[in-house]
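Two complexes follow with chain A in common, the first pairing it with chain B and the second with chain C.
Showing the complex of A and B:
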């Protein structure tokens, strides 16, 4: 049954097909006609070798009729399949040519070979294209087939060659050289489907070109913003190129713009990213160059808005700081000025200060650990900097120090912290540079103390032209008062007043009895601790002092003077047998030479006994000054003698000419530094500690601290106390066991 | 050799001549019995030491910052007495005699 059914089925199908091919023609004439039509059609479509001379393919009536027949027999799909397999079998022709072209290209790397090759492939493609009359479906199938096949036979080397070719189509950097573009080639690419397939490749060529241009033109160019010129360059050079590549199908400018918008913004992003990366790498040097590098900062600001590279910037800058700034080799002044520049720069880039906060933190921590930071800042504040580049802008009006205040949530203009702000970030930090610097430390008292020390040094070092200098200092102090507050600088005020008072007193006394001594009379408790000395002045120096003191007591009957003999300067003139020497020396040096005028030979011991000087090392320094000047000469162990006649006449004479008025470098007055002062004050508290340890036995550190807080004026932290106790332990005054401190008996 | 001093820029500290011989050598100096600030400093209501914040000598040989003492005398509780020895306060002519016993 099944068997029969199947046979019947096949028979009816056969009849059907036969009838269709035969077209109801008598006999098999229809079949023969179809066979002829098939031959005509396949012959017409057959892909031919274009290298052989061939008659042009003509879409004749016969072909049309043949196709008609095939169509009627519903054999068109089969025809297409047959055609495609023919194309496939002919593809070796194209492959041969491509291989030849690639070999040629490998030889001399001439991109023209590539363009010729592509045109040639296109030629093949056109040649084989079925006539349009066959319908678009036929063509589409053919094009897809051709492209797929083409891609499969393209060698690996083609992509790099193609890349080179695309690169060659880019407008050259030099003006005028602009190679005449052939837009045709891009249409060819399109026809071959190369554009879609190598889209990322083409884009990467564009990216690389932009990258190269940015690196070439922008590296090290920080003076002007480079973003706008680069964008201009993109408009004049890259956009026309993009028009060929991407916008060739656009008919109107509007359409072109729409097509280019997406791809253009991709290119623009890439440009911004390249520039941003470049500036991020250069940021440290940009900051060094500030304010000559404002342009670069503007660029960076704009780029950062486009590209999210903020984290990278912070990372890069922190790393640069660690590597180039925060190490023992860098001067504190340098670190400070770089810090200030960083503040200024990052404020341009990121006004809310999030970046600054992240970058500044390591610098601030590092500065806090440096012992001379305060001194450097203060020196800079009072304009004691020789380098000339003050941290503070002179034009910036001084403002009171701002304390970082707590956020005011009731403020109607309150804004949340920026999204990438760290946990400790404060939006309303002091914006003033000095406030920022001072806020490195917890208290501004350190600054005021250091300021006092510095002022003392400067005032006491002031020579004859005192009034000018005092005026300058007064101006400084007035400015600083605005910053630190009137009360904090009261002490400095008194110091300045002492200087002017001294001058007035001196004028009065000089009018009574002229004297060569002009003392600065200072108020003890308002000056930093000055090292005391017990030098007893000899001879005429003593007389000068006594005379002046007598006059002073007459003028101010209820006051006395106490000389600080180691401070100040003396201008002496030595008359020797063959020469006169003038020198500006310290009082101690003057005292030494005065002794030699009494008696021409002295021993070191003799001098130190006479001057009441316990430390001979200071003395030997004073003597060496005179040895250098050729006034004294050693005469045996620890014995010195005056050279009445110069040791070397000739040399001395020459020397004399070259140095008519010899000046000895005057050192800064030995003002006790803040640290020393603190140690000194701590000694006072030692008495308390000693007492409590005697009475109470062993005590833990925090207990000592608590009890010391009752002592008047005690303001040390427990850390400072620990340091002090440790020092006491080293001196074997106390012992510690399990955190309990005990007197060592 | 002859040494000629042409100019000497010296430095000196001033201090009150309280007539206290011992105190002259004492590093710390004396403090005002009322405000406990050294005489060479200034009383709590002053900012500038020296002539602007002078001392006052009592017949009783006690010395104070003038401002401190006047303030004290101005209060009813003082009964016009020296705060140190409760003797009626009498300002000395200029200062105590140099030979007077030490004061504190």
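Showing the complex of A and C:
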């Protein structure tokens, strides 16, 4: 039964198919007709080798009729399949050609080869395209098939070759050698589906071009903003190119604009990013060049709004600072001026100050650890002569120091903190530079103390032409008063007053009895601790001092004059046998040479005993000054003798005589520095620590810290205390066990 | 009674102590006087005597240390005392007790109470912690046997060796622990 059933089924199928092909024609004539029609159609569609001369294909009536027959027999899909397999079998022709082209290209890297090749492939494709009359579906299938095959046979080297070709279509930098642009080639690409497939490649060519241009034109160009010129360049150079590549199908300018909008903004973004990266890399030097690099900062500001590279900028700048700024080789003044420049620059880039806060933090921490930071800042505040350019803008009016203010939420202009602000970000309101610098430290007292020390040095070094300099200092102090407040600078006020007072007192005393001494009379309590000295002035110097002292006591009986003999200068005139030497020297040097007027030969020990100096080595500098001037000469080990007759006779001797007053460099008066004063304070605190450890037994560090608030004015941090205790431990004053500090008895 | 240390404490702890209790008008000045005394005592470096507040935040409760003076029976021993200042100090004498048991004619061996004229009827506002400590130190070497708190000790005083034995028997060395 099954056998018969199967047979019946096959028979019915057969009959069915036969009827379909035969189209109810008598006999098998229908079948024959179909067979002929199939042959005609396949012959018509057959992909031919275009290298062979061929008659042009014509869509004749016969072909149409044949296709009609096939269509009626519902055999069109089979026809397409047959056609495609024919195409496939013919594809080796194209492959051969492509291989040949690629070999040619590999030889001389001429991009023309690529364009020829692409045009050639296109020709193949056109040649094989089924006639439009067959319907669009037929064509779509064909094109897809052709493209798929084409991509599969394109060698790996094609993509780089294609990239080179695309690059060659870019507008050249120089106007002269403008290449002929053939918009047709882009249509060919489109037809072959190359545009879609190599879209990212084409874009990358564009990106690279832009990158190159930006790097070439903008690197190191900080004076002017480069963003606008670069955008102009994009408009004149890149946009026409983009029109070919992306906007070729646009019929109107409107359409082109719509098409280009998306890709254009991608290109613009890339340009901004490249510029931003470049400026980020250069940021440290840009800051150094400030204010000549304002243009670059403007660029950076605009770019940062376009691309989110703020974190990268912070990173880069912090790294640069770590590498180039915050190391022992950098001068504190340099760090400070760079910090100030950084503040100014980042204010331009990012007015809310988030970037600045992030970047400034390491600098501030570093500066806090430097011992001479305060001194540098203060020296700058008072406008020290030797400090190159001032950190402070002279045109900026001095303002009082600003304390970090609490946020005022009732402020109608209140804005939330920027989104990338850290948790401990303090809105740095546009305060002035000095406030920012002073705020490196927790307390401005350090500054005031250092200021006193500095002022003391400068006033004492003022020398004879005091009034001018004192006036200048007074002006400085007045300005600083606005910043630090009247009360903080009262001591400085007294110091300045001392200077004018001593001038007045001196005038009075001179009127009573003329003296060559013009002392600066300072009030001990208001001046920073000055190093005392035990020099006993010899001979006439002593007499002069005593005379002056006597007059002073007459004038002010309730006051006592105590000489700081090692400070000041002495103008001496030495009369020797053959010459007269004038020199401006330190008191110690004067004292030394005065001794030689008593006897012509002295030993080093003898001098030091006579002057009351415990260490003879301090003398060596004073001695060497006179040796240099040719007044003294060594006479044996540690013995010196006056050269009454100059050692170098003749013409040179005359030079000596006529030599103008030799000015010996006078050093800054040694004022006990803030650090030393701090050590002094720490000694007081040590008494307290000793007291508490004696009475309360062993204590942990934090307990000592809290107990130390019984000590007046204690303001150390626990870290400082730890350092101090550690130092005490090294001196075996205390021991520590399990964090408990104990007196070492 | 919450003591005030407003003149010394930094602002944050200041708030805390201000919350409780009505501030006595004189408390601030008492604290100031005590902190001055502390400063003087710390800087004076008198040998063998010392004192310091027991806790931060309370200037009215001190711990003192007295070393037995040389050439007395107490040489080599260290005594700890407690000093409690009344709120109306210095018009009233501070309460002072030996924390280390001290066998002494004028010291109660159990409570540590001291019989010393300047701490009772002879007190004057010009005395200070330092003068009290010096007086106590000298009291160790020169007891007032006329008004003994510890009659046994008073009677034993003339026999230095037996006395020394009693002292050593009662004495306990200081432990090094925070108060």
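Please note the rule applied: the second predicted complex is superposed on the first by the 621 of 745 C-alpha atoms of A that agree within 3 Å, B and C clash if a C-alpha of one lies under 4 Å from a C-alpha of the other, contacts with A are read in each partner's own complex, and residues count from 1 in each chain.
Here is the rule we go by: a residue touches a chain if its C-beta (ideal position, glycine included) is under 8 Å from a C-beta of that chain, and two chains touch if they have at least 3 such contacts.
From a predicted model like this one, the values you see are computed outputs, not experimental measurements.
When the shared chain is aligned, chain B comes close enough to touch A:516, but chain C does not.
Legend: residue contacts after superposition of the two complexes on their common chain; A:257 is shown touching neither chain B nor chain C. With both complexes superposed, B is the one of chain B and chain C in contact with more chain A residues.
Using the contact criterion defined above for the overlaid structures, shared-chain residue A:742 touches chain C, although it does not reach chain B. Once the two complexes are overlaid on the shared chain, A:19 sits clear of chain B and of chain C alike. Contacts of A:526 after superposition on the shared chain: chain B is touched, whereas chain C is not. By the touch criterion stated above, A:368 is placed in contact with neither chain B nor chain C.
On the chain C side of its complex with chain A, the touching residues are 8-10, 35, 38-39, 41-43, 45, 50-54, 56, 59, 62-65, 80, 174-179. Within the complex formed with chain B, the residues of chain A that make contact are 460, 463-464, 490, 493-494, 497, 501, 516-526, 530, 532, 539-541, 544-545, 553, 556-565, 567-576, 582, 587, 590, 593-594, 596-597, 600, 631, 642, 644, 669.
For chain B in complex with chain A, the residues that touch the partner chain are 1-17, 24, 27, 29, 38, 40-41, 47-51, 54-55, 94-95.
Partner chain C is touched in their complex by these residues of chain A: 684, 687-688, 690-692, 694-700, 703, 706-707, 709-712, 740, 742.
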